[in-house]
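Notes for the one structure printed next.
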């Protein structure tokens, strides 16, 4: 419809039945969506290589199946995050080719070859073992976007020598994602040791006054080390996504 | 610049030097702002009659003067809210025609006749005397937008007979703005007594666990009376503005 | 009892055994409830056309059945909100004519024809698909109150072109209800694009620092667009109800 | 043991083997518990007539049985509050004479005749039907302590005429307990209408920004009506207990 | 106006021009305020002996003067609370007979003899010396209402022997007001030692995580001692008022 | 690898092929981990006698089994805290020698003789019976670290004589751990009565505005008694650990 | 008075005019304070060597002068904390011998020789330079109580090498006080590196979501390093006091 | 000292008086700081080009002068952030060459030529005019680090066409910093329109439930647009710093 209206208007101009002034006035009062909408959406082309992402939490198995099947038509890769095992079990048989990555609590449908990308490696670091599912979600996004990922798990500050043993490797990464719960001090310590941008992911690991990740979140936002930015609690996906954008050439 | 580009493009179409297909392609990839922006801004025309509004808080006297002088050029009415007496005193001599409405902590520049508007009256009610400045801000916006306003001040639930003495008057209003601090119970009581939409404005009146208006805000959001909607703490302006929109024909 | 007392008093006046002064004194000291109560309740007549509403949450299936059967006697329409599927299944067989609207998590008993009402349409908009149940609750109330409702679902700001494609339709609504979780930015964007009153409904969609809808609630209360008022988290009912009051002639 | 030590000391004084100065020094350095403890506990005698109370929440059925059997030995009445139906079902068969008051989510063992007490009646009022279990807990404590209790349930401010129909009855009470969730406005309204002390009990009824009763709690603490005091969220027991103390002669 | 309408109606009945049925119908549909309002206000008569109270905070000196002069006309005693020294100095010369009670940060105008009242004494206790102004506000209200007051200041739990030295005196009070900041533990300790009702007043004394009295407030609401009720932070007035109501015969 | 690099460097120095200046430069630019890491870890030797500790919460039974089996190889004692009964039942059969301490919700594997240690006893005190599991966790850690522990359970301030009966015993302890929920006042009372360091452990016991232990936590942090330090809500382990460090010679 | 009563009672026993049974009965019903109070206060003797401490904040200069003069009579050392420079200037001339320690925002009156005490040194560490006043308050208390104190200031984790340069010195301390604002990560890092008890003091240093020290407080309470206990925000005094108790022999 | 120890050790190896095995053992047990510290600090070399940064807030003018003079010795550029005008006026005359950038509330000492750096431009965007000082702080850091910066101020969502007019320019940036107060919706809108990493800076602009920037902070953390990371409230410095790291080659 939209192109038709514009074509008709241009036809009028070409044929002389519509003056330029009149055409300009009509164009400026055209409903926005007819022109602007398409333009706005152009930028998505720049994101080629990223998977389509579905937040599994808060959706039923049926909804997830429907969405994945729809997205699958475009032959993109599809990532479904935050899927608990039961839901995964109900979704898997319904979508052929879908894989369950338990460690990342995610489902992945790979339909497209992933082209290697990125200026360097992305290091994804956790303070403890309980932070790993969130970190794996970040790894998954980064890897689906073509990045090389270095995993460094369970190197929290309670035993800081574990971190120091891998310091050089850490320093070689182009971007670092730090995943930590409780007080989240690891983000500050790493931020003080490296010169790459650090994305901090607070996790809901902890109890009592950890307040479901709020304490780690606040700690990371107030990091005394410059260069640390923060995403939402348990948002491995967001961190992996932002790290991929940063690592782009 | 934008009109020039489009005119040039239409010129080409008119002259035959640009094919319609090429013109359509160019239009669809034009930077958004050249076309879309203007369109988006069209709706503001629908708001005719509203004053231009400047939030005085957080701006210096110098900044306010500059902004008011700029806005004054369009011959609109201008309202500056949340101006303390000292700041008002520094701004007033710089803008001719500017008036200081102390009760509403506002400055007003009337340049345009205000046309009477609205389906009915707007009742603006306060629980106590300390809530009046916020209420007056609401009154001011509503009146500048052409509405008839009924003031009912100091009719809080600690002496509920004061409210009941004016119940019929209240029920005749088309929209009701309830301004209250402390626990904000007046919004629920009025919401339960009338059949007009009620806009509740929590105020920062109170101390201790009133938490600067948070308690009133939460109380109003959880009103057991249906039909009550809420604006930010002390946001008389927002309430008066929304009431004016509701009262429109 | 109350009518008896008053009748007796009037009898005395008629018969001359009670002076007018004495009658007036007696009337003014009568227990409030005998006279005032009935008067206060009069305003409910103004709300004709609204369904009777029961909050299903926090009530047992048995309690809901009892209340619906009681309300059904008046031949009104009855709406029960926030009913999970299990409870719905236990209530449905007990009340003949009761329908389960799963998308709105509600039960409806239609006994009365719904007369078309309202000055225009009510647009009910959601940011995502997970916000739909709350939006459907709003739609249901608005429709049961006789309003025409336009649904625009899943047009959140992460893909803002989706919203812009329907901008004109949105601008034609008399009232707009915006339902959004996470950061709730859609309310501000729409508030800045339209000239109708906007009722924002924060939802509990999100995780981590979404804090069960608190973040969306705070965001909406602090909207930089004037004309936005807010209801409680997930309160689709309240928004639909207020929108209906606003849309009244 | 303690009495033995003191007796031995007094024996010494009597026999002359211990000087008064030495006895005084020994007394003043005696471990506190030997003397002070008993004294401190004396005041409990003043509370005669109150049942022994056990908080059922957070205790296993086994623990409750053990505690009740122990307390039962003193032939007091025993009240167990906050017991869910399953736990109640496991406890009941183990203690003979124990009764389950479902409406108050409590267990009661009556072993002692309850002597009527109190200067007047205690009115216990709720805003809605969902507040009743908390109110019944308050009623139960007050009745077990010998008070006459007037119940006024479901008289919230959304339909304020319901309250006004029973205003005189309310005013005759010596103490009033107001139980309300959501915004808790009923406490302020009643506080403004009566001259008796009002104890407000916020309940966890509500959703979203009701925050589990916090909103009602804050509202009640900031009541614009003087004479209102507040207890913890859902603490029917505490309110009934305090009301009983106030009603004492 | 209201009396006229009713008189006219009664006239009609007396003269026979209005039937009793018609009169009853007219009475029941009379605007509420004409009858109900007066009735509602009747209860205030029951509060004789209480001073008129003005919250000084948030009012200008000019406003306070105006209100006090107005209230003074009724020959009641007038109490203005929360007045800082500067404001007091500006108000005092304007109202003859007004006294400044610095320890209670209050102004008092005594025009009426205070009749001794109450079933017993009211003990007003503070944890520290910084809590005294709040306590003195409570004392002032209680004394203006005719009660005998016992002051026990600076007996907090850090040196619990200070409390125990006055335990008997404390136990003889009919009502106890406990004023404490920081963690507010004194309320629990006293609540466990006495059999009178305890009104706890959290104060804003403390720093850091005392959060302006929030910590004391929460502590007192969660007191493990039954019989403790709570008022707003620093609300000495409210505590003194409630204590006076409780002490009434 | 690291030792090889250093050995090669020293070889060069020994052989004269590497100058001392060059060796120093190389050493100072060696990757940190090669030298520093080991050094940092040295301090753990000072902690001999403490068990290895695993936080059971947030780990699956399988993960716990794997970790315990790994740790068991070093012949240390192993403690797993915060294990609910179901998880315990799944872990126990998989690790020979593992014991389930239900009262402390913990699993213990004793492989090493525990040498008695410490300057004195550690008193571990609770306000109520529901606080006992947290206290037992503290006891367990302290005992596994070789300390003598005195248990004083259920001595809260609601019946303060219970505490006073054991005051001398309490005063003889070298360190005191106070475990309390609700308002946590016991920490202040004990802090005011003893001259040993007091570690306060808030528990999540309570309801409503106890906010899962936050109220007790805040109360303890604001204790008016000097010498009280605080750990996280329900962190019996942390308190027992810190008490053990303090009790060391 | 109390001794007189007891002496009289013992006299009776000695003379035979009072039987032992009667004396025992009288003793057990004596007002608590007569005996218990003194006993309770006994433990203060164990605290010899500690200064008398006055919290200056929230007290007027006049009040501080009065309290210090009173305390000075006992010839103890007196410490006044949290005194701003203006207040200090007003207090100093009034008390001879009083010294102003600006770095600790404290006043000190030394009247008594301080005997060296303690099992080892107390290390007092800060993350930044802005944390120093709080740390100096801790140093002051510890030194007035006779401890040797090692200061390590400005060694925060943003430049962690500063800490590592002094690691050995840190490890030799018997107790460590860590003072840090912002995210407070230093407490966790140090807690993971040492085997002494660590007392963490959050400071109000920071802005925005540092929330006046709340973020540091929460971070420290959730430290992943065992053995860390926490005091209130900016409570240098409390930390120094607790450290002194821990360092006692 | 440290170099001396190592030199001595190497001397021994060279001379043959120390065996290689012995040297290795000594090296591995050397106090950490002697070797590790220097190594850790090496990474700072990678940050060449960044200015030295001092947080002015919370420091006195004297302290700032001292620090700047000290840092100036290294011939680096020095940036002092968060300096109010009065403090600036006191610092400026003391440091020659120091410039006051009022718009950024900062002081700058330029001693070193700034080499152009970075893969592209950094766009720094604000929602309103009041957000500009925070944005200018970000610009300053980015420019001092050699980046090209594009400023786009006052393009908030209340008038979204302002943003769309500059969309192409925005899309060409390599990194985008979005500075917004109130509800912070601009970050989500931009995040949905671009494919560069977005760093969101909440500001404390707003009132009432804006809670000093908390609302904007939460909104940004919960952005429905992927690729958005967040820094502390008003932390322009941190955003500019992180953007610079991201823009590095």
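Miscellaneous remarks
First chain written, first letter: the chains are A, B, C, D, E, F, G and H, and each begins at residue 1.
In the analysis below, a residue touches a chain if its C-beta (ideal position, glycine included) is under 8 Å from a C-beta of that chain, and two chains touch if they have at least 3 such contacts.
Since we're looking at a predicted model, the values are computed, not measured.
Contact with subunit F and subunit H alike is made by A, G.
At the far end from subunit H, in terms of centres built from Cα atoms, lies D. Shared numbers divided by all numbers used gives the overlap of an interface; between subunit B and subunit H this overlap falls below half, so the copies present different residues. More contacting C-beta pairs link the chains of C-H than the other of the two pairs C-H and A-B. Taking each chain's centre as the mean of its CA atoms, A is the chain most distant from subunit E. Centre-to-centre, using mean CA coordinates, subunit A is 24 Å away from subunit H. Subunit E and subunit H have centres, each the mean of its CA atoms, that are 54 Å apart. Inter-chain spacing, taken between the CA centroids of subunit E and subunit F, is 49 Å. The multi-chain contact residues of subunit D, meaning those touching 2 or more other chains, are 31-32, 36, 38, 40, 159-160, 164, 167, 193, 208-210, 214, 217, 221-222, 226, 232.
Chain pairs that touch, as defined above: A-B, A-C, A-F, A-G, A-H, B-C, B-D, B-E, B-H, C-D, C-E, C-H, D-E, D-F, D-G, E-F, E-G, F-G, F-H, G-H. On the subunit G side of its complex with subunit E, the touching residues are 31-33, 36-38, 40-41, 57-59, 63, 82, 202, 204, 212-214, 217, 232-235. Contact residues of subunit D toward subunit E in the complex are 36, 40, 43-44, 46-47, 53, 164, 167, 171, 193-197, 199, 217, 221-222, 226-232, 237-239, 241-242, 245-246.
If you check the complex, the residues on subunit C that touch subunit H are 127-128, 156-160, 182-185, 188-189, 191-193, 206, 208-211, 214-216, 218-226. Listing the residues of subunit B that touch subunit A in their complex gives 3, 6-7, 10-11, 13-14, 16, 20, 23-24, 27-32, 35-36, 38-40, 42. Residues of subunit F that touch subunit D in their complex: 129-130, 159-162, 164-168, 205, 207-210.
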